[in-house]
Amino acid sequence: MSASQFGSRFVITSFGESHGTALGVVIDGCPAGVRFDSEILKKELERRRPGHHGSGQIVSGRQEADAPEVLSGVFEEKTLGTPIAIIVRNQDARSQDYKEIKNSPRAGHADDMWRNKFGHSDHRGGGRSSGRETVSRVMAGAVAQMLLKETSPKTRVMGYASQIGPFSLTPDERVQVPSKNIDSFQARFPSNRDVEVAELLKSAQESGDSYGGVAEILIENPPAYLGQPVFHKLKSDLAQAFLSVGATNGFELGLGFESAEVKGTEFHQGTQEAYGGIRGGISTGESILLKVSFKPTSSILDVAKKGRHDPCIVTRAIPVLEAMTWLVLADHWLWSKTDRI
Amino acid sequence: MSASQFGSRFVITSFGESHGTALGVVIDGCPAGVRFDSEILKKELERRRPGHHGSGQIVSGRQEADAPEVLSGVFEEKTLGTPIAIIVRNQDARSQDYKEIKNSPRAGHADDMWRNKFGHSDHRGGGRSSGRETVSRVMAGAVAQMLLKETSPKTRVMGYASQIGPFSLTPDERVQVPSKNIDSFQARFPSNRDVEVAELLKSAQESGDSYGGVAEILIENPPAYLGQPVFHKLKSDLAQAFLSVGATNGFELGLGFESAEVKGTEFHQGTQEAYGGIRGGISTGESILLKVSFKPTSSILDVAKKGRHDPCIVTRAIPVLEAMTWLVLADHWLWSKTDRI
Amino acid sequence: MSASQFGSRFVITSFGESHGTALGVVIDGCPAGVRFDSEILKKELERRRPGHHGSGQIVSGRQEADAPEVLSGVFEEKTLGTPIAIIVRNQDARSQDYKEIKNSPRAGHADDMWRNKFGHSDHRGGGRSSGRETVSRVMAGAVAQMLLKETSPKTRVMGYASQIGPFSLTPDERVQVPSKNIDSFQARFPSNRDVEVAELLKSAQESGDSYGGVAEILIENPPAYLGQPVFHKLKSDLAQAFLSVGATNGFELGLGFESAEVKGTEFHQGTQEAYGGIRGGISTGESILLKVSFKPTSSILDVAKKGRHDPCIVTRAIPVLEAMTWLVLADHWLWSKTDRI
Amino acid sequence: MSASQFGSRFVITSFGESHGTALGVVIDGCPAGVRFDSEILKKELERRRPGHHGSGQIVSGRQEADAPEVLSGVFEEKTLGTPIAIIVRNQDARSQDYKEIKNSPRAGHADDMWRNKFGHSDHRGGGRSSGRETVSRVMAGAVAQMLLKETSPKTRVMGYASQIGPFSLTPDERVQVPSKNIDSFQARFPSNRDVEVAELLKSAQESGDSYGGVAEILIENPPAYLGQPVFHKLKSDLAQAFLSVGATNGFELGLGFESAEVKGTEFHQGTQEAYGGIRGGISTGESILLKVSFKPTSSILDVAKKGRHDPCIVTRAIPVLEAMTWLVLADHWLWSKTDRI
């Protein structure tokens, strides 16, 4: 297992610096015969781009065309069973903005940690600690999605912001989430208070401030019996997947921390919501509900204002979390093929 | 990477069913020359045993001598650089108690999931989905601890319950945690309300009820610069490690979910506590604070009352979480040896 | 991938020193539902024991009962899908014989290499560099064989000595190999010159000399389409498997080195024998023929004469090579389950 | 471990079809701070190109510029400790030549095996079973070489043909190998009979025939104590590495199969040549001598004559075998850093 590698069966290797030549991913382990739907790939990359899911523009202004190029593993629109390599070239790399960062690392940012660890770093735009690295994850996740679309067509992965700074979804709003078009909300916060949230973020961006938040991932109709005891329970691989995303600092399955206060007799007579669709580390086939918390973005000091950063990372992180979810599902779906003879 | 394997450099493979012949672990990747301190091994196994850390008896009544036997990898009290295998035999396997479970799986329990997944399961006491599997983790964690004791002698891993059902540590109690002898508290809840907590749990046990809770792990003086970008950040490997423990359903680093409500300007001027000692996925060398939530124990129905289970799993899980922490630290300490030439 | 681990799907971890407490293996990745036939396990261990396959006694005199104990992963004579741990205790550990070796390493032997590498070694009987480590392989191979027996019942793995020192099988003897009971020949050399070979070895043992040799593995009716391009071709994993056995120094598939002299037009109009049943790294379903060469045993000097060693390792290595073959087949059989959707 | 991945510490993932968009490799695990010498990369790719090491033209006529593009992991001419991705675009992909192969697979070739295994294949030029895949290996090997150049500057890897069809090096020629400029010989056969060999091959090419051969790899001044017992001995990882190259069917360390005929007393009083520089699976620091046999090229039938193939693959395979050697050395050099505390 190497550092930029994820998965045990559907194995991806991510590469690329924020301001280097290109970002990319190699997927090794995708079976042959999967229909390769380029539209899914393009759509997911588009959804990851700043300000392109809704009408607003409350996120970092970096604009990359992000046109994916499939280098291998696909022929006549089907996967070959060989490694699938996909890259995106960096075009809009305003490294000028970041030059002065070289000697003045951003507070709370990964830059200085990486420099000390490796003794040498690409200081331009955070190098590989930049959020731009997630392009690779989104591309790999799109392929994982293609695999699941064929093998478990009813499975749906839906991410949304349930909290952005002081704003949280109300119980009523929550109930309606599955019927909403999340991307039609500027901050992917499915509420009619979405405009207020957008204004808060705009004002934070102007004043050099930022907010944390919470994203939720709802998996509807997941395949049942995914998860490998004991160290690759579905919940533990999902936790690793989500916590590998920058700025995350919390993970919950179902009730999560709230369950500490609930008596067992109440918890277990409760519905699937309490345990979140995973029991004994294995998917039951019921909906899986996951929550991920994000700290406020760190690029808030003077030097970085010129950098193009988000006042709240949650909105943009949602396609990334969805991608990580598809990857874990694809990995475990393949793994489950050898559970028994 | 196989299902019962954890770690990339300090690689452990856990094995054993709750009511099988033995539980054990093989550690492959521990360097040669580490002093093998059997006292650490025995002490940690003792700390994992029910009712043996304090004076009380508020946990499951199973009593195993849990005498570890080192089968390989150690010679003249030093590690050989070869695989270290350690086993513990099951002596007190009252499988009679569990016989009727065969056809009536416990609600919310892993038993029935495993049976459906694998088509065949060891129904006695949960087989490998039992908490008894954690014996293997504790033994491996003890060896990881031995490695760190020599290479990073100031590092200390300290686990405690910060919430048990309705009881939470007060801010004052929290501050005093590092100076407390956690094991002297019946429920490892370092508060003078410990007796009340113990009574609550006793009463829950009698009435067939249970509580969830929250455990915290404080790592003092961790080695700096541990963690491998991007999929093996220290936080992501810790999250995987903790969520692989049964009954867990939440993980937080530093402020965690609370940080969603904090403005960036406040968060980042804050101390190490906010971000929890890990930045960019890499340890800073400052204390690391982690939280893990547990759902209420599931064995609350009639059939299982005869089984010997805990009204709250948090207390017993603490040595297990500590072991997983040592394992992640040892793994990443070894990994960091090749960060640069 | 750790040092004592083999396989990508059917993953084994071997442990144990020659004169330590026990040797063992953990198999992680064996599917649930495989009938666990203890007789296969016992028989293969018996076949590995010195002097127990035929009537003679031309091998090292160490006598271990080698009673395997299954610690986990099997219930009601079926595999559980959980790790299968099997151990054998060391009873007859005449470490006295080896004491003087501590300061006088055996020429050409691994002892001194390991000591220098690890800075610390178990000098008794070669520690883990001893041939006794192969007990673990034979046990794991027996389980792999059980898996194949159910999923590919016609597959047969047959090992024999084709050369021992100056003696080689004649073309006629070769043709008759598949119909022979190999274990009925003292040196597993299927020829009526077997007695002469045995005498040669006996005399070599007395004079402190030794011989090399060649073992062949014939796989009849292997599953077709095993092998993963490009680094886990069936031939490359077999080569790794065989070269991981002590004293080996050569590997051939089909014609091997001889094919250097054959014109392409002749080679390819030839039968399966030329390419050995593997094309493009993938099994065709036809018989696979493999050869492994062994250097003369190294323990020939005075100090080691007291140690109990074989004048030719080939005979005893055959069950070990067969075990490695079953392991590779099981690993790739599982792997092939996800070649396509 | 995935199918197109090699190495445990210096981990490479190869990708790309012969007639697809590009070939490439990602190296994950190379430490930070290694000077990235583009000249080594270019030179090794050049050496791999047909007919470019000497003056002759006795190999397949495919002409690719093979200009490598480094996409990530390198900054200011030093490695960053992050994944290094390098690609080469396919320009000269005469897939027209191969169209008719779609329905008439080449005898003895991997094409039809892959098609049956995966149910779908890129029939153009062998897809990924083509020798062109080795571009990825050569690029990765160049980076491994850069790592060793800094950490073990005296280490030298030298490949040459020791046999091509009926021609073998004489003992005298063998002794002089280390002083020769191998690439100055048309067929990398370091003998004054090189011209005769070239003529034989030219005539074979014209008549649609081919020859097998033997390549040797001599490692001078390797780092000592590389190799991980028991399944990752240096010899077993080298065997896997070499046998993963197309058309190989044999491997020898030192005397190899010849040692079967040598008495132990002679073998062990012999020099390093007998055992080949590896003992107990671990490098001694002395020169390592390895041999690899190749079957005659398979593309000899009518349909493939139009394809551009070599009458003997050995000459071109030499830079590939050297690359695999550097990869194994880099992998094990990194691995050895954690042998002891």
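Read from first to last, the chains carry the letters A, B, C and D; within each, the first residue is number 1.
By definition in this document, a contact is a pair of C-beta atoms (placed from the backbone, for glycine too) under 8 Å apart; a residue touches a chain by one contact, two chains touch by 3 or more.
Everything quoted here is computed from the prediction, not taken from an experiment.
Farthest from chain A, judged by the mean position of CA atoms in each chain, is C. C-beta contact counts were set side by side for A-B and B-D; A-B has more.
For the pair chain A and chain B, the distance between mean C-alpha positions equals 27 Å.
Taking the mean of the C-alpha atoms as each chain's centre, chain A and chain D sit 39 Å apart. Computed centre separation for the pair chain B/chain D is 47 angstrom, with centres defined by C-alpha atoms. Among the residues of chain D, those touching two or more other chains are numbered 2-5, 14, 29, 32-33, 81-82, 117-120, 128, 229, 339-340. Only residues 2-5, 11, 13-17, 20-24, 26, 28-29, 32-33, 69-73, 75-76, 78-85, 87, 117-122, 127-128 of chain A touch chain D when the two sit together in their complex. Put simply, chain D touches chain C in their complex at residues 1-6, 8, 14, 107-111, 113-114, 116-120, 128-129, 133, 163-166, 204, 208-214, 224-225, 227-233, 235-244, 246, 248-257, 259-265, 267-268, 274-276, 279-282, 284, 291, 293-298, 300, 311, 335-336, 339-340. Against chain B, the residues of chain D that register as touching in their complex are 9, 29, 31-34, 81-82, 147, 150-151, 229, 334, 337-341.
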